[in-house]
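To keep things clear, I will list the structure first and then write my remarks on it.
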Amino acid sequence: MRRWITASACLVWTTAAAAQVPGGPTGLEAVDYPWDNGTRIQLTWSLSPDDDTLLGYAVRRRLADDPQQTLIDILPPGTSAYTVPDLDPELAYLFAVTAIAQDNTESAPASTLAPVTPSVQAFDGTRLWFMVTLVLFSGAVVVFIRMARTGRDLKVRKIAGLEAVTEAVGRATEMGRSCLYVPGIQDMNDIQTIASMNVLSHVARTAAEYDAKLEVPTSKSLVMTAARETVETAFLSAGRPDAYNPDLIYYVTDEQFGFVAYAQGMMVREKPAACFYLGSFFAESLILAEMGNSIGAIQVAGTAQPAQLPFFVAACDYTLIGEEFFAASAYLSGEPDQMGSLKGQDVGKLIVAVGILAGVGGMTLAAVTGSDLIQSMVDYFTQRMLT
Amino acid sequence: MKRSVPLLITAVGGFALIVAYFIPYTEALGETVAVWFDILAAIAFILGGGNLLKQHLKKISDRGPGWGYSGVVIGSFLITLFIGLSKVGVPPLAEFPDFAWSGDFIGIGTPFWFIYQYAFVPLTATMFAMLAFYIASAAFRAFRAKNLEAILLLGTAFIILLGRTFAGVALTNWIDPTGPFAGLRIENLTVYIMSVFNTVGNRAIMIGIALGIVAVSLKVLLGVDRSYLGKE
Amino acid sequence: MADFVLNQWWLLAAMILSLVPLVLQFTRDGVMPTLETLDRRWIFLIMFWAVLVPIYYIGVTGETFPETPSALAEATFEEIERLEEGDRLLLAFDFDPASEGELGPMATAFVKHAAEKRLRLYFMALWPIGPQMIADAINEIILVDYPDMVYGEDYVNLGFKSGNEGVIKVIVTNLRELYTTDARGTAIGDIPMMEGIENIQQMDLVVNISAGYPGTKEWVQYAVTPYPDRIRLVGGATGVQAPLLYPYIPEQLPGLLGAIKGAAEYESLVNAAYGGDDTDPKYLEALRRMGPQLVAHLLIIGLIIAANVIFFLNRRRVARS
Amino acid sequence: MKRDTLVWTLLMVVGAAALFGRAVFTTDGMGREYVEAVPVGADGQQIQFQASTYGAFLAAQAADPNQTDIQFSLPRSIGLWIAALFTLAILSFLYGDNPFYRIAEAIVVGVSAAYWMAVGFWTVIVPNLLAKIAPGMIQGWAMPGLTGPEADQNLWYVVPMILGVMLLWRLAPTGAWISRWPLAFIIGTTAGLRMIAFLHGDFLAQIRNSIVPLVVLTQEGFDLSASLTNLIAVVGVLCCLAYFFFSFEHKGMVGHAAQAGIWILMITFGAAFGYTVMGRIALVAIRLEFLLDDWLWLIDPIGRRVA
């Protein structure tokens, strides 16, 4: 039952008696991996003459000033090149490769003679494809924003949750009750909170126009600061700077459940008629949404926390799912710049769909035909371009 | 000055970090910025704490409804803050008996630990526990077969819930685990739903979110969205 | 059961009394109208009793509800059952006190099972607080119930190493690069059971109990994926984490215990095989915790059914009128 | 409604009286905490109190009636009672808003805000800001163990300090706009960092994972179920993406795909909902166990109060 008697396990006992020692690999060369962050070295060697009977090759490294060798990896037979990862750019290394026979006997090593130090280059070439991706997707957004500025008419579909924002604020005004806006419980270093500030600006503007009371409790001091700037600007641009009351935008506590303990108590006492939960939420999502439901408020929620979406979907009137939440401020503003960014996102999705279809097609073709060429193309796509 | 400089700071800060990501010498810049952010957030506590005091002091001086509770907030806030910041009752570390301030501010048995253990933990944990009640009332109200979407939502939740009880498992135990219909056994159904549909749904949501983040970030960096920068 | 009712009549009386107004409302207004306008506080109250009474019943009588092991729990059990005396088992404890409620019972059951099988146990942790969880398991199980197991020969605590998945990447090929001593500071070379151990590919099985990052996902990605033939992994995870691991079942992760339910199933398997007649209550923790789970789940299922009965009856009534 | 409240209040009072009577007049007892004195430090001079149990106390008393190693702890017992009352106060909100809940709410807000401020001061401001700017001073004050490369002065940290001061400028009577500069810095760097992180992490990984062969061949030949699963996965992702398209109304082909997409999303949400229930019930079970076991001593599943 000793399954662990495998190649690597037995490297420690290399003195198996009377075993045929395989021919070793030769001509080991180590060179720095070009265009990287100085953590890789490339090894190449010539195959052992007994390559077809081998179990594989063992690659070891050691520091130039330390005799202790470290096993890095065991490679299948037929391999004659390897990129050593995770090295330190400030250290010099020596490498050795041995051939291992089926009975775990090891050959004499092929060793590098001069120490090699991985060097840091000015550009990380391993991220080249990622840069292409980045340029492609940001480019799509930027190009459409520019196109929108030239006055092109860009149409988008309706999102029910966003149509409801104005209606909800209006209803709160009619009923003489307040609106509650919770911008999530994360700090300004979460992009969802930033997106929430953008939406808040439009909600605040609507509230200013309707003369509704808008209350914004926050869980972080910085969010309170940003929300005050946002709401003040919105009231100003709605022509109601006098109606702006900074005391309605306040800090509660950084603690998630302390915040929600306050929020549910406040909701049951003040009974806001419209509740907006837009931002990054965790477990408190359901507490807020259930409480809002029990007081009969119209609730619009939006988050990019996949784990909390089910609770918002179950308990709120409208839920903006993931990307819809990020699109909300563009929708609400209706400005051409903003519409352009939506189109850019769509182009991004189109590229993704085409990429997935191409990859799936290639992989299926490779599986059916067994063609190594197609397989290597697919591998390049998934292993290099998509990493 | 009031608006154009911040816009410049936003754009330069953001684009510099993007470029830095591709240059090995500067790729760790993001981590430095993250540490700086933590420092800024900690300094901003002063704003938050000040606002908390101001807001509740105002309620007390106005004698508005429930002003007594505001007194409780201020009292518990100031007491906790004083004990926490001044390390009341914290003995120095055993290795450094001469350094009176070296002890762990939340070491077991210290007053701050008592507050944490006997007030902070039970209060927040019970708040968290209230979810069990809300999840039941949400299920009762929301899971009604109004249309196909609602049926799928409640049907899936139902199967998963059933699979979490031995009664549910027993319900499909008669299906031969090696036969052709083994996939209909509730535990297999659960695994299938989670590993196929749940994975697929989350995958699409994640792709959408990433694109949304790109758009929002670019709008912020290009100054299209700048409401948070206030008025001129 | 009868004894319980007789001795603890006051609890049941309190429960029944508290529900009397609801029953009255049912009889007065009829079932349907009551359900339609049901105050959600009744749901809260029923939920409260649904959790409290089983806890109390199990706490007083020590009886637990039966558990039918699922295929995944059986697969997990089999993975360990297949090992032979003296085989090597790596136990990686990646959780903290916050998740101990769910994962503690799994850890207990894994250690008991392994100790009964006389496996050699290697403990390690990637979470800074993991060593405390390891110490708990050693103190409460091995030292108390398996005093003949010798430290360094039958079990060893390698302790915590920082670096998250980086640690896994290294120890799959070279354990000694990172672990020069065990948690007590003894040099690895001086520990008899570490003799000949170069890397964790030599382990016969890896058990990972995790509450998040780093955890089972990282073990799959950085240990099993590169060495699928040499490293076998089973895991235990919290209810929140478990769904994220399903995509790896069964190829890369032949066994998985999800949440307290998985723990209870595995516990019942271990106790059935090694528990004897009078199992120590500490080996029944998950089964005890399943009591309130079961009743509460049945309650929610009942609520969903009730909600839909109302919905359909209503719709038919509307259609008729 | 008033009568309801009265009835409930009466019930609570009766219940409390019964529990109190049981604790006082029977031998069962309730709500006491015990500690064990453990010597710590190099010379064992310092004494630290660690949590113990009533059972251990009884055992120690039986062995030596004069022992002082394990003893009753008044502060911890008071703490336990406060914790139990807080637990009940929060739960009482399920019935409706009430003064007990409002007190608990006020305390949790005040305590937790101050708690995080103190944590921020001792774990961020002191080691990550002050210790970088003035390591010598901090080493002599609160961090005597600060040595090695960690103890080098790093004046770069003056930058976040200046930004912090600008942020606090809001409190000054004029020039509040200066606080927009640090805010702009935070928002700009967040946008840059998150964009890269999401695109390079989740985004590419999700696309990579979506690329699977539609025909799965194994040693035994064509694997129908695996192929079907892959097909569902690929079509499913594309349909969900179609749902998120903003440019097209959900009509025609796109409409059908988007419809299928929303079905898959609903299955996803239902599954996550069902799966979360278990964890949430565990949370309330732990709170009730705390009340019944640690506080009321009504149950004792692991024998902590048996000698």
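For clarity, chains are labelled A, B, C and D in written order, and residue numbers in each chain start from 1.
By definition in this document, a contact is a pair of C-beta atoms (placed from the backbone, for glycine too) under 8 Å apart; a residue touches a chain by one contact, two chains touch by 3 or more.
Keep in mind it's a predicted model, so treat the numbers as computed, not measured.
Trainee: Taking each chain's centre as the mean of its CA atoms, which one is most distant from chain C?
Mentor: A
Trainee: Based on C-beta pairs in contact, work out which chain pair has the most and send it over.
Mentor: B-D
Trainee: What whole-number Å value describes the gap between the mean CA coordinates of chain B and chain C?
Mentor: The answer is 24 Å.
Trainee: How many Å are there between the centre of chain A and the centre of chain B, using C-alpha atoms for each centre?
Mentor: One centre to the other, that is 17 Å.
Trainee: If you average the Cα atoms of chain C and of chain D to get two centres, how far apart are those centres in Å?
Mentor: Centre separation, chain C to chain D: 19 Å.
Trainee: Which integer distance in Å separates the CA centroid of chain B from that of chain D?
Mentor: 8
Trainee: List, in ascending order, every residue of chain B touching at least 2 other chains.
Mentor: Chain B, residues with two or more chain partners: 18, 21, 34, 37, 40-41, 44-49, 52, 66, 120, 123-125, 127-128, 130-133, 135, 137, 139, 141, 143, 153-154, 157-158, 161, 164, 194, 198-199, 202, 205-209, 211, 213-214, 216-218, 220, 228-230.
Trainee: Using the touch rule from the top of the page, what residues of chain D touch 2 or more other chains?
Mentor: In chain D, 90, 93-94, 96, 102, 104-105, 108-109, 111-113, 115-116, 167, 170, 180, 183, 186-187, 190-191, 194-196, 198-199, 207, 210, 237, 241, 244, 265-266, 268-273, 275-278, 281, 284, 286 touch at least two other chains.
Trainee: Two or more other chains in contact with one residue: find those residues in chain C.
Mentor: 40, 44, 47-48, 51, 240, 243, 261, 293, 296-297, 300
Trainee: Please classify the inter-chain touch graph. Allowed labels: line, ring, star, complete, other.
Mentor: Basically all the chains touch each other, so complete.
Trainee: How about chain A: which of its residues touch chain D in the complex?
Mentor: 127, 130, 133-134, 137-138, 155-158, 188-191, 194, 222, 225-226, 229, 251-255, 257-258, 261-262, 264-265, 268-269, 306-307, 309-311, 313-314, 321-324, 327, 342-343, 345-346, 349, 352-353, 355-357, 359-360, 363-364, 366-368, 378, 381-382, 386-387
Trainee: Can you tell me which positions in chain A touch chain B when the two form their complex?
Mentor: On the chain A side, the touching residues are 36-38, 120-124, 127, 131, 134, 137-138, 141-142, 145, 187, 189, 191, 194-195, 197-198, 200-201, 220-222, 224-226, 229-230, 232-234, 236, 247, 250-258, 260-261, 269, 283, 286-287, 289-290, 293, 304, 306, 309, 311, 313-315, 321-323, 325-327, 329-330, 337-338, 341-342, 344-345, 348-349, 352.
Trainee: Under the touch definition given earlier, write down the residues of chain D that touch chain A in their complex.
Mentor: Checking each residue of chain D against chain A gives 90, 93, 96-97, 101-102, 104-105, 108-109, 111-113, 115-116, 167, 170, 179-180, 183, 186-187, 190-191, 194-196, 198-200, 204, 207-208, 210-217, 234, 237-238, 241, 244-250, 265-266, 268-270, 272-273, 276.
Trainee: Note which residues of chain B are touching chain A in the complex, please.
Mentor: 18, 21-25, 27, 34, 37, 40-41, 44-49, 51-52, 55, 58, 66, 120, 123-125, 127-128, 130-131, 134-135, 137-139, 141-143, 153, 202, 205-209, 211-220, 222, 224-225, 227-231
Trainee: For the complex, which residues does chain D have touching chain B?
Mentor: It comes out as residues 40-42, 46, 48-50, 75, 79-80, 82-84, 86-87, 90-91, 93-94, 102-122, 124-125, 128-129, 140-145, 156-157, 159-161, 163-164, 167-168, 170-171, 177, 180-196, 198-199, 202-203, 206-207, 209-210, 225, 229, 232-233, 236-237, 240-241, 243-244, 261-278, 280-281, 283-284, 286-287, 290.
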